[in-house]
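Okay, so chain A shows up in both of these, paired with chain B first and chain C after.
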Partner chain A sequence: MIVQSKAQRRVRVVTAWAVVAVFVFPLYYWITTAFKNAKEIFNLPPNVWTFEPTFRNFEEVFGISLGFFRQQEVLPGGGNFYMAPRLWDSIVVAGGSTAFAVAVATLAAYSLSRMEFKGRHAFVSWVLSTRMMPPVAVAIPLFFIYKDVGLMDSYLGIILIHTVMNLPLAVLLLKSFFDDIPKEIDESALIDGASRWRIFWRVVLPMAKGGIAATAVLCFIFSWTEFIFVLTLTQTGLKTVPVVSSSFVTSTGTAWGNMAALGVAAMVPAFIFILLVQKQLVRGLTLGSLKQ
Partner chain B sequence: MATVEYRNISKSFGSVEIMRDLSLSIAEGEFAVLLGASGCGKTTLLRMTAGLETISGGELLIGGALMNEVHPRDRNIAMVFQNYALYPTMKVFDNIAFSLEIKKLPKEEIRRRVEEAAAMLNLSDYLHRYPRELSGGQRQRVAMGRAMVRDAQVFLFDEPLSNLDAKLRAHMRFEIRQLHNQVGATTIYVTHDQIEAMTMADKIVLMKGGEIEQVGAPDELYDRPVSRFAADFIGSPTMNFIEGEVVANGAAPAFAAAGIKLDLPEALSAQPGQKVTCGVRPADLVLSGSGDIEGELVLAEKTGADLNLHLTVGGADFVATAPRGVEVKPGTAVRLAIAQEKMHLFDAETGRRL
Partner chain C sequence: MTETATDPLSRDRSSPPVAAPRPAFRGLRRLVSWDGPMPWLAPLIALLIVFTIYPLFYNIWLSFHEYAPFKRRLEYVGFQNWATLWEDARFWGSLSVTFTYFVVVLAIEVVLGMMIALLLDSDEPGFGVLRALLTLTLVIPPAITGMMFLLIQDPEFGVLTYVLEGIGVLDGQSPILATSSTALLGVMLADVWQWTPFMVLIFLAGLRSLPQEPYEAAMLDGASALQTFQRITLPLMSKVIAVAVLIRGIDVFRMFDYVFVMTSGGPGTSTYVLSLYAWQQTFSFIKWGYGATLSLVSLAIILVIANLFIKLAKVRW
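Presenting the complex of A and B:
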């Protein structure tokens, strides 16, 4: 370790905390906004630290009464800002497309990493190139295709397009993880008599868990925050959180409190997902220590 | 146990031919070492034997059966890799048992075989650990255990000791060789370390540029290297070389270089005037006041058992081994004697032995 003077260390700590504060403050402000009533949101100077917390925004968004916290009138479900089903839509779409993308990408990446076939390198570049295409360019043609084949406004349709959108990155990312696993391990298993599938399933896949977790997190986040495909390819059947957030902007003003409440709620599933795969994530980062 | 025979093997990667017409046969139960510098094709030859690399031309026979198109798992071979290639997510027991499970042997049989191998390799206490919890030497032994349980007819080792420190390497050399004596399987062992080759092999196959330079028992390669390359590769410290020419010295020929004149055997097939290289092993040089070679001492290096005297002889670097206790100061002149039969003479142009 590099030796540092006390003053140097102090400067480092202060700078670190300042940087953390810059990143965390907007999040804090957004979360507190979700618990403020409409008037307090617009107070000048803003009530950053002290305000009267309310659950009203959440109650409206989820159509439930949190009356056990505070006595007030019960709100009926199905109001303008009732968004609970939309959160469910997001979970189904992001979860489904992540599972799909990771399953396909793992197989594809393993083959690209291990098997020799003609045009392999060209294939990898081509996979990457599909990622360069702006979604806007595809959205309109897709709209017509989806209408014709009946995928419009369906879970399957959105899961499919999100899977396709995530595949290139997932394949390349996983390929690099597989490339890091020494080929001798495959060869050793091959000599031991294992079939390709067995090598993949029993030997290589458990070693790539970390990489798969990291890839899954990325896919989930991309799908969770995707806007343009959901906007163009859905009507009333389903809508995910990013798209539905725009509906808080109404002719009578923007419902900032409700929007913040939905935003905060939308953070939770993603947060839980990342927490669940976190252990594997750390393993993935330390995989190198096993290799020898 | 089986013989391994290579008949006119060639190998190309794309348009690059790295091996041509290589023929070699390894007897049943023999410990053969493929020795050579990196890039000489020794690992490729081993991988072709295992079936991990296709054979571009020629025939490979194991136990008399043609193996060119046989899948690695059906060749009945076992291989130990340089980086051990253990399965890091499986415990030692499962690592060793993996091939037996694939063969669907009964559980009891698997347990018996794994425990037997573990006992032989001093691994019994580690069966429930992960490879990452083992030292380098233990990992190496697990890799060997994995090979042993399979009753393979040929064992292949691909530089298995190069990741270990010097002391452990010396110990593992002994263990591997002892294991071979116990198991008796035909073994092909790849290394670039001539000491490993010399200490372990029944037969050394010295390779250079995809071709076999010399095949023989360790002593044969040490005592009668067929070329300057072979002479230089085997032995530590390496052989000294003096460039000179053959001159007539009465009836017998002699070797002459700057300030040196050494008598050569009469039967030598060299003509006066022919440019030659004379090779002398450091251990064959004797400090002697009446010696024919005169040099100046640069440094006396202590190895413990003896001394390595670094000298300059006629402007060239020279090493001689002397018994410990010899006191020579750097800068002083020393004379060295060499017995005629210990001299190795090579054609300066072709590098072949004369």
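Presenting the complex of A and C:
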């Protein structure tokens, strides 16, 4: 916008790369830690650039050479470091809650986008306000409720609460995508005698495919990274990756290499997903209120 | 048998069109018809009632009870938990830590986010890659981010500790996360690292969609860069900034993961945020009623602040 000289532009480019490098560095350091052996991790001065890459950490955590199925060994410190089942738990929880949230939210978002009724604005505000609830204020009573109804330690219990956690985002975001589709399409189809359900299923859903996919990706990521509900509502059964990462802190010290390996395995799918939805990311992060 | 098989058809044909239902049923029918909003919203409403309204009332009920360890059951204690709250220095301490964290983190993320967004608001080759790189931090589980910063702030071999000792900021005697005066800063660093890119991306989207004319006019008038930013960019960006502050503010206020993983509230009570205090009262100290009370306070504060902000900043969905 403001015209700049060549020198100014060069300064800007260099500064920009330097700033982003600062942000990427902790990530770089964590990822390389996953490929270091213990001696290199505890080295002083810290080993940043030079180390011998090893897959040992991944092997210990996931038992890759045994096809993910068997536990390698119990490591010093006595912790159970075999994490392949925890990865599976994370996938089931994130996948299940995403499917539920998107299904429930598309229905609701369609009517909030297309139908005029009393109290619609208040209803949207209510949905938004559930996004404000501190997780701890829900997790504490749910702990007792889940104990009473036997949902403790169950996939269903975690999937349900993750669904509810993602609903405000999914509803508001999908509503904004549906709002982009001209209402005239619905109206002319209604005049032609199509039912609401048919219009929703045959016309609006296919047109909003991209938006629904973006919503699903964001729901998946938020469930994947969620911490306090899983921490509170599981005891010995399933555990997702973020929660289980603290189990690498053992009596004989912290197994940084193993922890980093697990962390890297948890990040990779999320990185791929987020790069897929770059275009809708800002709209998603602002619950549909800002369009890119 | 044969009669009943053919009868309904013939009767249907001869009978008049379906009679209008009685008024009570007409209301019901409209309620369950796909032409009205109810069937579309029903699953959403059901889930929200079961998982937010019911727990809320359960929490309120819980706050008037307390677990009696020797009798192994909950007992009604009236307003005792609410009275305790008033005199509990740790509660007031946690409230002050929460607000300090809230104000400092939010301010840093907004200012830093705006600066980086202005820097990246350009069509230089490669800047798309930079934007994509910044999005990566957003999808790391915060608990893992906590671990990352635990590692780089480790008192013995942490790379940040090493650098800060090298340039003389740290003396080697006071580890960042184990010293009361710096522990909260160490936690804030993780938050700022992970979520400043959130601000950058939102601000950047706002900046990229600004109209060009005001800038051309300002340039003709010979306005300085700072003036242009203050008089044109900021006002045009006010809605974007308000939305970003609202969404981030809610999450900063209820932050839990970082302190749980990095410091568990310590050393002393220097990083005890309200969410963590409520959680620990419930699950570590078996004060179920008091923990519920604390979590209700946190809920009330966040609802009041957020709704006030929505009113004042005129944010709309």
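To be clear about the criterion, the second predicted complex is superposed on the first by the 248 of 292 C-alpha atoms of A that agree within 3 Å, B and C clash if a C-alpha of one lies under 4 Å from a C-alpha of the other, contacts with A are read in each partner's own complex, and residues count from 1 in each chain.
Methods note: a residue touches a chain if its C-beta (ideal position, glycine included) is under 8 Å from a C-beta of that chain, and two chains touch if they have at least 3 such contacts.
If you're wondering where the values come from, they're calculated on a predicted model, not measured in any experiment.
S.K.: Between chain B (first) and chain C (second), which does A:194 come into contact with in this model arrangement: first, second, both, or neither?
M.R.: Touch partner of A:194: chain B, not chain C.
S.K.: So which one touches more of the residues on chain A, chain B or chain C?
M.R.: C
S.K.: Name the contact category of A:253: first (chain B only), second (chain C only), both, or neither.
M.R.: A:253 sits against neither chain B nor chain C.
S.K.: Does chain B (first) or chain C (second) touch A:13, or do both, or does neither?
M.R.: After superposition on chain A, A:13 lies in contact with chain C alone.
S.K.: Would you tell me the residues on chain A in contact with chain B in one complex that are also in contact with chain C in the other?
M.R.: Common interface on chain A, chain B vs chain C: 289-290, 292.
S.K.: Touching residues of chain B toward chain A in the complex: what are they?
M.R.: On the chain B side, the touching residues are 50-52, 72-73, 77-79, 81-89, 98-99, 102-103, 131-132, 136, 139, 146, 150, 163.
S.K.: With touch defined as at the start, can you tell me which chain C residues reach chain A in the complex?
M.R.: By the definition above, chain C touches chain A via 34-37, 39-41, 43-44, 47-48, 51-52, 54-56, 58-59, 62, 116, 119-122, 124, 126-127, 130-144, 147-149, 151-152, 156-159, 162, 193, 196-198, 201-202, 205-206, 209, 212, 215, 219, 225, 228, 239-240, 243-244, 247, 250, 253-254, 256-257, 260-261, 275, 278-279, 282-283, 288, 291-292, 295-296, 298-299, 302-303, 306-307, 315-317.
S.K.: Per the contact definition, I'd like the list of chain A residues that touch chain C in the complex.
M.R.: That would be residues 1-3, 9, 12-13, 15-17, 19-20, 23-24, 26-27, 29-30, 33, 41-46, 48, 103-105, 107-108, 110-112, 115, 117, 120, 123-145, 160-161, 163-164, 167, 171-172, 195-197, 221, 224-228, 231-232, 241-243, 245-246, 256, 259-260, 263, 266-267, 270-271, 273-275, 278, 281-282, 285-290, 292 of chain A.
S.K.: Which residues of chain A touch chain B in their complex?
M.R.: Residue positions touching the partner: 182, 184-185, 187-194, 198, 203, 206-207, 289-292.
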